[in-house]
Every structure is written in C-alpha cells, then in structure tokens.
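Before anything else, here is the set of structures, which you'll find just below.
You will see chain A twice below: alongside chain B first, and alongside chain C after that.
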Partner chain A sequence: MPNNKFRKKKNNVQLKNRGGNLHDSSKTAVILLAPGLIIMSFVILYPLLRAFILSFYNRELTKPNQNSFVLFENFQRLLHDDTFWTTVKNTFTFTLTTVFISVIIALVIAIALDQLPKKFSGLRGLILIPWVIPGIVVGFLFLYMFDYDVGIINFFLQRLGVIEEYVPWLMDGNLAMIAIIVAHVWNQIPFHTLMIAAGLKTVPRDLQEAAFAEGANRWQEFWHVTLPNIKGILVISSLLMLIRNFNNFPIIFTMTGGGPGESTLTSVLHIYKLAFEKFQLSYASAVGMIWVVVLLVMSIVYIRLLQKEY
Partner chain B sequence: MIKRKHSSLWYSAMAIIVILTLLWTLFPIYWMLVTSLKRDMDVFDAIPTLWPEGLNIQSYIELINGENPIYGYFINSVITSLGTVVIAIIVATLAGYALSRLRFRFRKSILMSVLVTQMFPLVVLLIPIYLLFVQTNLLNTYLGLILGFTSFTIPFGIWMIKGFVDSIPIEIEEAAMIDGCSRFQIMKKIVIPLIVPGIVTTGIFAFMDAWNNLLFPLTLINDVGMKTLPPGMILSFAGQFKHDWSGMMAASTIVCIPVVMVFIFLQRYLVEGLTGGSVKG
Partner chain C sequence: MSKVKSVCLLTLLVGLVLMLVACSAGETSSESNQIELEFVNWATAEKATEEKINKVIDAFESENPNIKIKPVTVPFSEIQNQLTVMSNGGNAPDIAQVDASTGVSLAAMGVLQPVDDLLSQDYESDLISSYYDTGLYEDKHYLVPWTGGINGFWYNKKIMKEAGLDPNKPPKTMVELDSAMEAVKKLPDVIPLQFDTSPRAFAATFQWSFMATIDKIPFDNENVQVDELTKYGEWLRKLVEKEYTLPGKKLGEFRPLAAQNRLAFAFDAPLFKGTVQSFDDAITDEVFNETWGVTTLPAGEDGKSYSAIGGSDHFTAVFEDSEHKKEAVKFLEFLANSDVALEEYVMPMGNLPVTSSAAERFPELKESPHMKVFLNDILPTAIVPPFGADYADMATTFATQMQELITTKTSIQEILDQIQKDLDTVTADNE
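Now for the complex of A and B:
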C-alpha cells in the first residue's frame, strides 16, 4: 500500500525519539501486554509444548495407566500408517484444488465487476454473502443439495442433460471430494473476488491506456499490464487461503465426516478423530506435530512474501 | 484520454458473467429459505417446487417446541460469542497498541509468534487444552469455551489493532506527551477514539469466529445444556437416519441471522478486516 513507505519512515523517527526512555517503554509494555501474553500462554503456548511432549509418549484416554516415554515410536508408526498418507494426499488435493478453482473464477468475476457501471456497485455486496455464512450452515446446505434423492443438484443436472441418472455424490469417494470442493469454492470465491477487485484498482490507468494506444488487444493488455500488477495479491491471498484450508473443519465434518471410507479425510478431521473418537492422544499429537511443521513452513513463506510485497 | 471502446458483445459477456455469479451465489441461500418454509413431505417431491407454496412456518415452530429445542443452544452461543468479543477487544487493544508504539526487547519475536499462531492447526492445541480443562474444571463451562475461542481471536485481534495504530500519525501522540499527558491518558483520549473502526472490526471477527466455531464446542462441551448452536445442530440433524431437511434448513436460517445482520449493517468494517487485516501484515 502506498502509505507504507511513509509509515516506515515514521517508525524510524519514533525509534530515535524513544531512545531516551526505553526503560519506561518496557515497563509500560509489560503492563499492556500482560493480559494477552497470559491468555496466549494458557491456550496456545502451553498446549503447543504439551502436544509436543505428548507426541513422545503413548498416552491414550481409554488406558489411564499407560503413559510412558516411547521416543519416536509414534512417528515410526506414522510413516507406515496408510491412513496418514491418504490424509496427506487428500489434504493437498483438497486445498490446492479449492484455492486454484476459487482464484480462477474470482478473477473472471472481479474483472466483470470492474466493467460494471457505478450504479451497480451494490451487487458487489451481494456477492460477498457466502463468505459470512457459518461453516456448519454451508455444510448442511451442500449436504442437502448434493443429496442423492432430494438434492437439487441431481435434479438440475438431469434436466440439463448433463447426467442421465441421479449420481450418488456423497457415497462415492471421488464424487464426495468434488462435492466438498464445490462447497468450499462457493464459500471462498467472495474472499478472492474482493482481494482481486482491490488489486485491479491499483493497476495504473495510464499503463492500460498506453497498452491500448500501442495496439494491444484485450488479452495482451490483461497478460502484460493487468496480471503483473495483481500478481502479488494473487499469490498472497492464495497462500493465505491455502493455509486456512488446512484447518477447515465444519464443512467436511457435516458433509462427509471424512468418508466414504477415508476418501475425504483431511488432516484436521484425521487428528480430531484420532484424539476424540479413538482417544489416542499421543499418536494424534504426533500427527499434529507433522502438520504444525508443514504449516509453519508455509506461514514463513507467506510472511516473507508479505514483507517483500508491501 | 484514450480509452478502449468496448463492443456490445464484450458488455453482454460481462453481463452474463455477473448474472451467473449472482445465481451461483444467491441460489443456495434462496433454496435454504424456501426449503425451511416447506412442509417436511414436500421436500421429498420428485419434482421439487422452486418457490414456497405459502408460508409454512411449521419447521420454525418445531425448533422452539419440538423434540430438539434450539433455544438453549442459541443462548449459549450468544453468551460465549459476546464473551469472546469483550475479552478479544480489551486484550487486543492493549497489546496491539504496545506492539505498535513501544520499543522493548522481544518485540519482534512476539510479533512473529502472534502472526504465526493464527495459522496453526488449532486442532493440535485442542488435545492439551482438553486435558488442561479436565484438570482445571473448565470443561463444560462458558469461561472454558471463551478461552478456547480466544486462541484464534486474540492473535488475530492484536495484529488487526496494531495495523490500525500504525496508521495513526505519531505526531499527535508526541504533541500530547509534550503537553504532559501520560501514556495511559494518550491511549484513552487520543488513540482509542481514533481506532474505533479497528476495534469494531476486531469485535466482528471475534464474534463470527466464536459464533461459527464447531471444533471447540464439539470437544470442550459434552453437556447438552451447555452446547452452542453448531454442535447443537449436529446433535439435532446430523446422522444417517435423520432426514428432517426442512427443520435443518430452518435451523440453518436462524444460525445465519446474526452474521447476516452484521453483514448488512457493518459491511464496511467487514471488508476492511478482510482486505486489511489478513494482508496488510
């Protein structure tokens, strides 16, 4: 953003000014930060450390007397656990496909909206609605619409001649994956549309005019002027949603519960089921640690990009 | 000024995209409302009617008087969501200000951890939180659930408030300091009034996260009387042999009401939070 350079300069000035009373600063900081740090150490820091420690034990809720140090046993078990590798495949398939499709559709929508006359700008608000709908409602809604018997999707597809017979969406592994991706895409398109729309506003008008004056067609203009200008926003919002999708729980939980079989079991559902349905707290923590590392790496990439871009 | 002239074909294509987008966006919501106003058996018609035949509010009445009243869940959701909002706003405002304006040791590392924790798989934290809550008797309590919700909303809020404080010119505070105001007077009289939009945005996001959260109440609450709406709805409507679609859609409509209200009245803040908070960094 343009005011960021300005902001950075400000911070430098501020540093110099504060040089004299740094001590006062830290005392005030402790007071102001204390409530936040206390709560965060209670619900984030301590749990994280304890989950880390748990992953080296063999704690199970159903066996209260069993709690011994097993070093890497959980991690060795994990390497040979087919379910774990299935969830790795599912998680990446689900997150990458969802984000990719959402971004492409959002790009088309954002460009179309950008062309609209001003008086239709209210439509922009309407398009945001799916994003505020609670996950559990999105899940129930698509569970209903993808239902074999009463689902409106089978009805429409048959009427349009796309399918001859009704399709058991949520009872077939691959179709169920498609169904949950569709639900998430519906939910997430507004986010990307909004981000891209904001990005389109920053494309310099004179560059577009120059491209036109030099005889570029619309596609060339998009490819050489628009896209390079919104590339940063595309990458950052995609990565952010990729990370968020690793943690998405309610829609999948209500639509398929990870099924049929393990075909839509993603990392979050896997950890949840291990810990709270099978009560294998230590093994669940070990699986969780792997995903913490994966997300940590992605977050660092994300933060680096943010700092480069802005 | 040279401008590309658009053919009518181009405009028609754009118009078609916008219409398709609206259909795709709004139809599911329309369908939820229509189904909630149908009678149970009408849902099973081989050829579904795409509009409600009269307003049948039977499903809504059953939500109040039927087997699974959602009234209690609703109250629990309101209490825990508002509790989360209050804690998140207070804690995030204090910490966000400190991280924006003060210089102290570990500032950078605290900032980084605040940012990174927003991206953690929270389900991993939930296992130790569950054990901790068993030990401290916080299972099945409002306080426990609210604390659980803050594991996401506090880091998010701190980052949001910090961004807003960053954008206030420091000169205003420096002038006040020269006039002899203390740090806390500056916060109260100058900074807080200027970052009201940031505080509202933080509050909205905290509310929506708590209101929509399924994972935490599903694990931290097992007493039916303490359940919030999302796990309550799972209890009432999910399961292989339950097919009360109309009731399910009526309950879904009720769950949507508060967030849609926020959407209608506070859209500006919502957009600010969405584009600003997540990306400004």
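Now for the complex of A and C:
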C-alpha cells in the first residue's frame, strides 16, 4: 500500500512537471515564433487584406478623387469581361501543358541519369543550369531564339527543310503560346528531374530485381514497380510547379508581353497590366482575389498530398 | 602587466571611437548644407546617352556645389510602373525623366508638382509652346520639356537607289510610300518600314501620326471613333501581310537594323541619328548624312501629314513630395537649356532643343541638314494626342487589340467594333 501510494504521488508529480514543462515550452515557442509571425503577417496578410478591401472599391490611380465603395461591382464586371475569361483559358492551357511536358521529359532524363555509372554523376549538376538562370534572362534568351528576323530557331528549321519561309513565332497567337511553353519547359525540366532522380533512389532494388526475375521486361518493371514508388514525388512536384506556373511572370512578360493581342495573356500578366499600365487598382485587386482563391485551393490540396503516405 | 595592457587597449579603442565620431560629425556638418536630388531617368541606362548625361550632371554640380544629383537608373520600358509604385508608395524621387503619356498620368495621380510658378520667367517664355503645352493637365503645366523628339520620316538614300528609286525624291504621299515599300521589299534582307506594333501605350502614340494622316485619330477627350478607322485598319493589315515591317517590334528594335543598312524608311525622332551612330563608330556625321535624309510623313488623301508629339519627346517632372522643388527646377532648366547640356547631350544625340533661344545661340543647329527640316517643316505638322487620366488605359487597350488586326484573319470591322466597345466602357466610367 505505501508503495502504491508513493508511486501514485510520484506519477502525479511527474505529470505535473510534464504539464508544466509542456506549458513552458509552448510559451517559449510562442515567444520565439512571435517576431517571425508578426513580420510574416505584416508582409503577407496586410497586402492580401488591403487588396481584398480594395476589390470592393472603384479606385483608379489616375483618378485620386474617385474612391467609392461599390460592393461586388468589380466581381460582376469580371464575369462579363472577355479578357478575364481569355486569361483563364490561357493560364490553364499554359500551366497544364508546361507541367505535363516537363514531367514527361524529366522522367526520361531522370531514368537515364539513374542508369549512368557513378563517374557521370556530375551530369546532375550540369542539368541544373537552366533552373538557376533567372526568368528574365531565360525570357530574353528565347525572345531572340524565336525572333522572326534573327532567331536561331527559324534559321535551323529552314536549313533542315522543316519550314520554307521564316515563321513569326511570337506574332502568331498559337505559335506564341508554343514558344512560351517551350521556354518554360526548358527552364523547369531540371527541377522535375532532380525530384524524380531523388525519388528513383528510394525505389527498392530488390523489388526491381524480383520483377526482372519474374520475367518482367523493362517497361513492365517501370509500370508496375518504379512508377508506383515515385508516384508521390511526381504528384507533389507537379502540383508545386502548377502553383508556380500560375504565378509565372518574367518569361512571358519578356517574350510576348501577353501578345499578340491577348493570346498569351495569363492571369498574373493581366493583373499587372490592369494595375500598372491601366492604373485600375481596384479591378486588378478583384481579379487577383479570384486567383488567390484558386491558388489557395491548390495549396490545400498540395499540403494534404504532402501529408499523405504513398 | 596584463592590466596595463588592457587599460592601454581600452584607451586606444575609446580614442579610436571618439575620433570616428568626431570625423563623422565633421562630415555631417559639412554635408548638412548640401542638397541631394534623386533623379530617376533612363538616360543613364542607355549606352548611347550615359556618358553624355553624366557630363551634364557633373557640370551642374560644379556650378552648384551645394546640390548633388543622385541618378537612379530605370530603363524606359520600366519607367511608368517604377514611378507609379515609387510615388504611390510614398517613396517618390525629387525629379524624373518621363515620356508625355507617363508624365500626364502621374499628374492625374496627383503626385507631381505643377511647374507654372516654379519655372523662371525667362525659361518659360523661351519654351516652344507645343512642347510645353503637352504637359498640360487641368490647366496646369506639370512637365518640363527637355528634348524635342517629334518624329520625322527618315529615308535611306542608298537603299532607295538600290531599289531603283530616286534617292532624292522620298515618297510624298501614302500611295507613293506603298509603291516605294513594294520596290524596296524586293531587295534581300531589307525591312521597308520601322513601325511600332507592340502591345503598349507608346505604340498607340507612335501610330497616332499615321492614323491622323491616313484616316482619323481614334479618340479625343470627348469621343471614341475607333470603329471608323477602317481605312487605317486595312493599311496596317496590308503592311504586315506584305511583310513591309516586322510585326510586334518596338520602335527602338528597328534602330540596329538602320545601323546595319537594312531599314529603308523610319518614322523616328531626331535622336535616330545619334542612336544609329552609337551602334557603329564607322557611321560618322558624313556617312550618316550621305545615307539618310529626313522629311515630313507622306501625306494622306487630303494632302496633309501629321506628327504626334509625345512619342519620343523627353520631359522631366518634379514630384510633389520633393523637399527641394526650387533646386529641382533649377536642375531641369539646366538640363534643357544650358549651353553645356545643349552641347554635350541635346545636340550630339540629335535631339531638338525645346527653347527658341537655343537655335540663336547655336546657329549650327539651323545649318544641320536634318535639324533644319525638323525645325522648319516637321515641327509645324505637330499634333498632341489627348494625354490625360484615361490615356494610358485607352492607348494600351487600343495597341493590344490592334495586334489582333495584324495577326489574325478576323474581319477588320469586327476588331475595330470590339475596341470601340472596350474604349466606350472606359469613357462611360467617367460619366
């Protein structure tokens, strides 16, 4: 009995201490996190909140006296704005195509790199080059490559007999979209390659060997063993790049500025033009809010997928 | 011993700190009388102008030792959004170089200071009124003219000769221009005409002269008449279909072609000469004058031609938040009208001066074959687009949608009607 009593008391003290420690440590955590959180909320939440409020006004920079509350007028206008719907179509076309093509090519490259002997491991570093080049530089590189008059693409295609006459890549709606997708694919392949290459390292070798031992060919082994094991990486890297491409600005801005006409005008470029070329701050905020919702949904999906076990 | 060492070290450290404090205090007191003016501009961003403008700034600083100019370099294509962000974010510079559209937009935002009461009487009365009035917004002048850049029609005499045209008879009408472009197009690697069809407000200002000459202006402060621009629309579509120009290019992107002798006709400012020469040292004044001539834009059906101010003319502006407005204006007058500025920057770059007295002080201006034409023939054809609170919005919409006209087969009238509808929405918002 006394032993039990003693044990009980001891447990209580331990619990108390643990509770006290927990309380103390969470307090410390709050104190340590506070400065960062305050700065983050000021830098991220304040502009977001300001844009949200602005979207209910009719503020235009060149009309400082005009600043009345218009409730949902900007959102109603948006529903009937042809340009907005064009940018929705362009953004989805550009984003989905870019990510899909990048992932496929990256998958091939990553598998090829995985098969290479160790002495070629330096190639992984080389393949990163397009990824580390700033977007604005990539934009200018491809602007000149696709140039009608002096571009190397036209030069080579003509020499190879693919085209008879030079093609105005950046001045044809469909071709301009292809050109900006090519530039982005080139820029983003390294990211996917790196992610997939890391994923391939986690595929159990014994499973692969067992598949071959069972008589599977290379394709069957890839489809039934490798692919299921890197599925998580593929989903996460694709979603990450989907989110990034929704916000992609410098390459498109440099190469086409959204043109010709509105054929490569994506959401982020549209918002920029509305705010800084047409000075329609409130309407730009309303359009921005719609995209915030879209991206928020995608981010939630991304976080859920990160937590999921594959 | 170690104690002595520590005391010595401590004394040395304290002495050093005191000395530094004293020095910095001395600097502060000597610098406290000096005013620093932040000058946002693209002149220092471009190779062709950087060295020249720095010489002018140095000259101003030695004449005014209490004023220091701090140039902030921003490329031309970024000037509008950078100044919009800076001034609306409470971080406006003292002064900035602007084009007319950006300048008047900033005036409409309420971030610029009217200069009517700041400019010296001598300078104000000396200014050529068509330049000065371009910066007029709600009856106040907000822009200080710096360099005159009205566009003239440049023709490459060597290419014309090669194409079997008389190099001394540039096209006088739009019909003649079309025939000349057809002849020139037969030459390999030659682009017949420099024409800005980029999706930006500047392109609309550039096209303004062609619209006024061929058809009519697309809008003014009261009316939008884009749906009546069929004649211009047809001409523009033909220009691209027949490959007489490079679609989607900005005005400046044609200038290297001019330096390579691959451009037959250009509609550009007097600075075309200086810029072309900056690409190749071999293009001396003599070579340039032998190659290029300049005249008014070929006339339309009514026999008249126009040239819109505001495209390549450069202005400066003083910001409302500047604490040194008087000093700022002093510098701006110096930039535009001092002998140093005219000799080192305005004239060598091939710009037109913006004051009447400049031509009297520098008679060589009137002797220069190109300047003579600009001053006597082209300047009188000047028209001013309706710069104002909505101009940037309307001009950007117009230029963007005119790209549809040159890149699709959609009916011209359908495109013009769509632009009309969009611009009507902008003007309706004001009612």
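The working rule: the second predicted complex is superposed on the first by the 279 of 310 C-alpha atoms of A that agree within 3 Å, B and C clash if a C-alpha of one lies under 4 Å from a C-alpha of the other, contacts with A are read in each partner's own complex, and residues count from 1 in each chain.
We adopt the following convention: a residue touches a chain if its C-beta (ideal position, glycine included) is under 8 Å from a C-beta of that chain, and two chains touch if they have at least 3 such contacts.
Just so you know, these numbers come straight off a predicted model, no measurement behind them.
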item	value
Combined model on chain A where chain B meets chain C, clash or fit	clash
Partner chain in contact with A:Leu170 - chain B first, chain C second, else both or neither	second
Which superposed partner A:Lys278 touches (first chain B, second chain C, both, neither)	second
First (chain B), second (chain C), both or neither touched by A:Gly261	second
Partner chain in contact with A:Asp149 - chain B first, chain C second, else both or neither	both
First (chain B), second (chain C), both or neither touched by A:Met195	first
Chain B versus chain C as contact partner of A:Leu113, first or second or both or neither	first
Partner chain(s) touched by A:Lys63 [first = chain B, second = chain C, both, neither]	second
Which superposed partner A:Val103 touches (first chain B, second chain C, both, neither)	neither
Per-residue touch tally on chain A - higher for chain B or for chain C	B
Superposition clash, chain C against chain B - the stretch among 3-11, 39-47, 129-137 or 201-209 that is involved	39-47
On chain A, positions contacted by chain B and by chain C	149, 276
Chain A-touching residues of chain C, taken from the complex the two chains share	80-81, 84-85, 88, 105, 108-110, 191, 198-201, 246-248, 257, 389-390, 392-393, 396-397, 400-401, 403-404, 406-408
Residues of chain A touching chain B in the complex	1, 3, 7, 10, 13-15, 17-18, 22, 25-26, 28-30, 32-33, 35-37, 39-40, 42-44, 46-48, 50-51, 54, 108-109, 111-113, 115-116, 120, 123, 125-137, 140-142, 144-145, 147, 149-150, 152, 155, 186, 189-191, 194-195, 198, 208-209, 212-213, 218, 221, 233, 236-237, 240, 243-244, 246-247, 249-250, 253-254, 267-268, 271-272, 275-276, 281, 284-285, 288-289, 291-292, 295-296, 298-300, 302-303, 306-307, 310
Of chain A, residues touching chain C in the complex	60-64, 148-149, 168, 170-173, 257-263, 273, 276-280
List of chain B residues in touch with chain A within their complex	1-4, 6, 10-11, 14, 17-18, 21-22, 24-26, 28-29, 31-32, 35, 43-44, 47-48, 87, 90-92, 94-95, 97-99, 101-105, 107, 110, 112, 114-117, 119-132, 147-148, 150-151, 154-155, 158, 166-167, 169-170, 174, 183, 208, 211-212, 214-215, 218-219, 229-230, 233-234, 237-238, 245, 248-249, 252, 255-256, 259-260, 262-263, 267, 270-271, 274-275, 278-281
